[in-house]
Amino acid sequence: MLSIDTQLMPRTAQRATTRRFLLWLLPWSALLIFGLYGAGLCLVEGLNQTNMDNRFAFGLWIFLDLTVIALGAGAFFTGFLLYILKKSELKAVINSAVVIGFVCYSGAVAALLVDVGQPLRFWFTFWHPNVHSMLTEVTFCITCYLTVLFIEYVPIILKNRKLRQIPSFLVFEFELHKLMPVLAGVGTFLSFFHQGSLGGLYGVLRGRPFAFREGLAIWPSTFFLFILSAAAAGPAFILLTTWVVSKISGKQLVRPEVPRLLGRISGILLLPYVLLKSIDTLVWINSTSPARGFAAQQFYAWKPFGAWLLFAEIAVFGLFPALILLRRSLRQRTGWLVFASILVCLEIALNRFVLTIQTLALPTLPFDQFLSYFPSWQETATFLGVVAYGVVTYSLSFRYLTLFPQEKDLS
Amino acid sequence: MATKTKTARYGMSIDLDRCTGCGACMVACAVENNVPPLPAQATPRTGITWMRVYEISNGQAFPDSRAAFVPILCQQCGKETPCVAVCPQEAVQVDPATGIVDQMPQRCLGCRYCMTACPYHARYFNWWDPRWPPGMETTLNPDVAPRMRGVVEKCNFCHARLHSARERAAAEGRRDLKPGEYVPACAEACPAKAIVFGDLNDPASEVSQLARDATSFRILERLGTEPKIYYRTARPWVREAAAQPRKEPGNA
Amino acid sequence: MEFTRRDLLKFTGGSAAGLMLTPAPWGLLRDSALVSETWPGVPRPAGGEISIRYTTCTLCPAGCGVRARCVNNQPVSLAGVPGQPTGAGALCPIGLLGHHFRFCGNRAHARLANGRVASLESALAGVSAAIRSCGPRESVAILDPQPGRVASLIYRRFLAGLPNGIHCTPSGSQPFGPFGIDLENTRAVVSFGVPVLDGWLSPGRVLANRGHFQLIQVEAAYSRTASLADLWAPVLPGNERDFADAVIRAMHGGAADPSAAKTAAILLRNGPAIAIGGPAADKLNAELGSFGRSGGFLPRRDYMAVTDIAQVPDGAVRVLFIEERTNSQDIAWDDLRRKLGPDAVVVALTPWLDGIARHADYVIPAPMYLESLDEAPTPDGSTVASFSLSPALLAAPANLISPADFFLRVQHSNSTYSDVIKGRVAAIKKDGGGVIHTYADGKSAAVRDVADIWKNMLAGAIWMDTAGARPMGTRRTAESQAARPAPTPTTEFPLLLLAADSPPARGTPLMSKLYRESGLRQSTGAAAINPKTGRDQGLQDGCRATIKTPDATVTVQVVFDPAVMPGAVQMAGQACSAASIRRI
């Protein structure tokens, strides 16, 4: 191993050799470069490089942004549970959660900058904000929250073995750490709103009766459902990623009660979510959609988006994992925990898919057709590039920073 | 002398029994508004057609098939305008003096949220940089700015013509426009005279009389956006095919 | 003094904070917005003096009036002239884009002799030599796409000076002979495949009258007109005469199939009726007595009978001049080639390199619509004679010569085309009949009350004759159109390929709005087929397939359309034929 490489690692950590690590990074770096090329083409040539069009104005990237932001909600929710509700067991995963949140949000923002037609005008939303638009709210909150995540990430970096030798960094990190509860509170507040507003993006679309929902004051029901589903998915995703990292690194990173707690929290939030979602769906079928002249059933007459999708979303990927996670005996078994977490994460993906892709595929005008869309290679490359960026950043963080404080006690 | 202009609510009445789907309105609109011809890879889903004529059928097979043509443009929704509510930069506004839903391409970020919101699919994105064949830039209308790539555009009732009409009226010392003084390109070009344009707030105008006619309807009326484009037809099947959300089961 | 890291941090932080208070970062931000708003490559339309000029559209024989909005004398948009008699205030999509024809590509700029650039003098010399070398049985022919013009008179005079001159025209270019259609009073139109609602006569006139006639469209293809007709009678190609017979039978109370019976009922119920579109129409017109009556075919004063090219004996032509206009339909070269003798010389007078010029020995580049003074004679189907000018609105490129001027030069005449047109206008003034309708103010004045008709016409005006100069009751001789053999499906070619609506011969750039950027018009690469027929042939909606006919093979995108006749496949721009289809 390179001695500089070893010197950067946490003192008590056992990590793979430099050569093995570089081999691990190589394919991800290649994927990242491929992603940058795809994104570069879109920026230089224009969005005609994608398969989006005037009818499918949103495509793979928006679907992924919504999913990834929901999964990255583990960052804010874990912080909330740890610093506000004082669930101290979660100290074991908070650093990892922050890094995951950071890569999820920064990756999503990067993808968004490629997705918009005029990235140079990104700051117009701040300059001419439309207070009625959910997207304004999303833009503000995500930008602020990314800043918060960055500020939360900095102390983790500064605690690196080499960096903490610089006294000013140590002092800075210490002072920053005192702010953590405040940052956690701010992060929770911001996340609450932007997770909700991402749902609100679709719930307010009165021109799309498939997505439109009534709600509370200006907030459609999807606003609240998104918050709840993100809060449920966050811990599940943390659980899943911790398990994946420990499998890849071959080390036990957290005590068994940590994933069990995460699973239980996820289940406690998922069950009311499924219940509220079911009520919301019934209200939509019987009242909201018919009031706008559309029988809800007709939306499910379009292949391949039949009623099975609704059943899958609520029962298979919603109720089923909730029941698993709420059973103590099943939570004791890692296999069930991981399986249920995968289902929860898929539930989020499916829910976001239905609202982004299915909404756009369904006809609105009476003489419209059902439309299909498949991403172009440039779009797929950009998405894979974001995933690769996440893996590379997380890998570097795992290698050189203390993401799992319990690791040294368990190794 | 009046110090305020009358508040107008410009709208259209389109006779579907007269429209033959010739597309004169589509090309006149493109000429007036400097809409570029798109590259060869453009498709019906990436084209820019502020005015777009759709073909609908009576649902019968040969030999009883019949067609009708429905010109769709921005419906200039008057209530809770979907695109205005969702634009994060306020690049879309409803002009209170005319009721026209204005789009500012110079402020548009290109997020395309408004396109998702519009149920009439009346908004179009510049997927490519605009390119005209060499020399064709000399035929561009100087009253309308061509748009750059990455922004959304849509029908604005030929707003430049409204400005020109107001200038001409002002030169004659008038604040208000006479009927027929301001007509969008599509209404002017239609060979069948199927498109009638005017002020819906003026009860004496032809368009408001036609809008009140029993054969008039609006598309997706139940969404509650109060569009200002009225369609009329004496044929029941056309009304059913155009006005109501479809009844047939889908794409089984 | 020691400069520590802390000092560096303090300096950097302070500078950043201070910079925020200067205009620099905000200016840069605003500049970035300006860059995005003045995106390089987006053209800025040239400003300038705005003027309105008038001309007449010569892209087809309908001759609609044109109001051009010009900026610095460059037309930026065209519109119809309200109240103009021939165009009824409208332009079709092709006319609306008339000022874009020069951007169609493949423009003929240089004079060519056998593929090499030649001067006008050498071209004239070569052509004259070819004419002189004609033998006793060899003819010189001019194929005139729009007879009845002053240019046609120039051609006639030129040919009159030759021993064997033939003034001919493509088949179907004079469908009504000396008769116009009294569409204003017709109550029923039986069309045998004529695209009545899609490019027939002038759209303004047809659509202004649409409300008071019933339209019966007799054709196998589900064309635009068929889809909008009051009655669609899908008769197989070749069976039109039988259909006409059935209608006549039904009109006399005999038994007939439902379509013929319904047609007969309409004809009996509605007042004056006409039939158009070939020999079957002639038969029906005879039965209806539609010639010489109100609501039928009415004779008008001017008519120049010109030989149909199909009537010219095969192999008789030694020198063939072909005039091609800006929007001329493609000429079927195989049919023309039969008329040529050995060592024939073909001279193309055309704005285009990719039309008839491909087959020509000499290419004489001609100006396009709006590039030079042109004329609009009486439109097809008009019941009164009329005449208007089509003044130029654009500067013509160098090296061009109008076909009429070319023939005047061949004859060593001192006159120009403009002079001869002027003479025509002078003859109108001398004759004294009719009115002049001015475009700018929409007013009409009697010819004798107008002092300078030429000046009026140059500014935008049309002369309209007074109605009905010939006695009623004149019968038109039936056009002996060479009937195309009706295609019969065989085992090798089991389907019928039907010709659907054809796209314009030349698409200006913005026509993409109709053909490519929307689904309004079927593209030439698509083929519509009845779903059951398609499934029987192993196809799927949207799949790619190959269509084979005895003459050609073409790859298409298949569209399932229940409106298409079972057993048939429909394509734009193709001729009717037996065909087979196979999925790729």
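Per-chain residue numbering starts at 1, and chain names A, B and C are given in the order in which the chains are listed.
As a working rule, a contact is a pair of C-beta atoms (placed from the backbone, for glycine too) under 8 Å apart; a residue touches a chain by one contact, two chains touch by 3 or more.
Just so we're clear, the structure is a prediction, and the values are computed from it rather than from any experiment.
Comparing each chain's Cα centroid with the centroid of every protein Cα atom identifies chain B as the most central. The chain pair with the larger count of C-beta pairs in contact, out of A-C and A-B, is A-B. Taking each chain's centre as the average of its CA atoms, subunit B and subunit C sit 29 Å apart.
In whole angstrom, the spacing between the mean C-alpha positions of subunit A and subunit C is 59. Centres computed as Cα averages put subunit A at a distance of 39 Å from subunit B. Chain contacts: subunit C has residues 36 touching two or more partner chains. Multi-chain contact residues of subunit B, defined as those touching 2 or more other chains: 43, 46-47, 54, 129, 148-149. Residue positions of subunit A with contacts to 2 or more other chains are 118, 121, 124. Here subunit A touches subunit B in the complex through residues 46-48, 52-58, 115-118, 121-122, 124-125, 127-130, 132-136, 139, 201, 204-209, 291-295, 298, 301-303, 359-360, 363-371, going by the rule given at the top. Residues 36-37, 39, 41-48, 50, 71, 74-80, 88, 90-93, 96-97, 99-100, 102-103, 105, 197-198, 203-204, 207-208, 210, 222, 224, 227-228, 232, 234, 259, 509-514, 516-521, 530, 562-566 of subunit C are the ones touching subunit B in the complex. Those residues of subunit C lying in contact with subunit A across their complex are 5-6, 9, 29, 32-33, 35-36. By the touch criterion stated above, subunit A contacts subunit C in their complex at residues 118, 120-121, 123-124, 168. Listed in rising order, the residues of subunit B touching subunit C in the complex are 18, 20-24, 26-28, 30-32, 34-35, 37-38, 40, 42-44, 46-49, 52-55, 57, 60-63, 65-68, 106, 129-142, 144-149, 185, 188-193.
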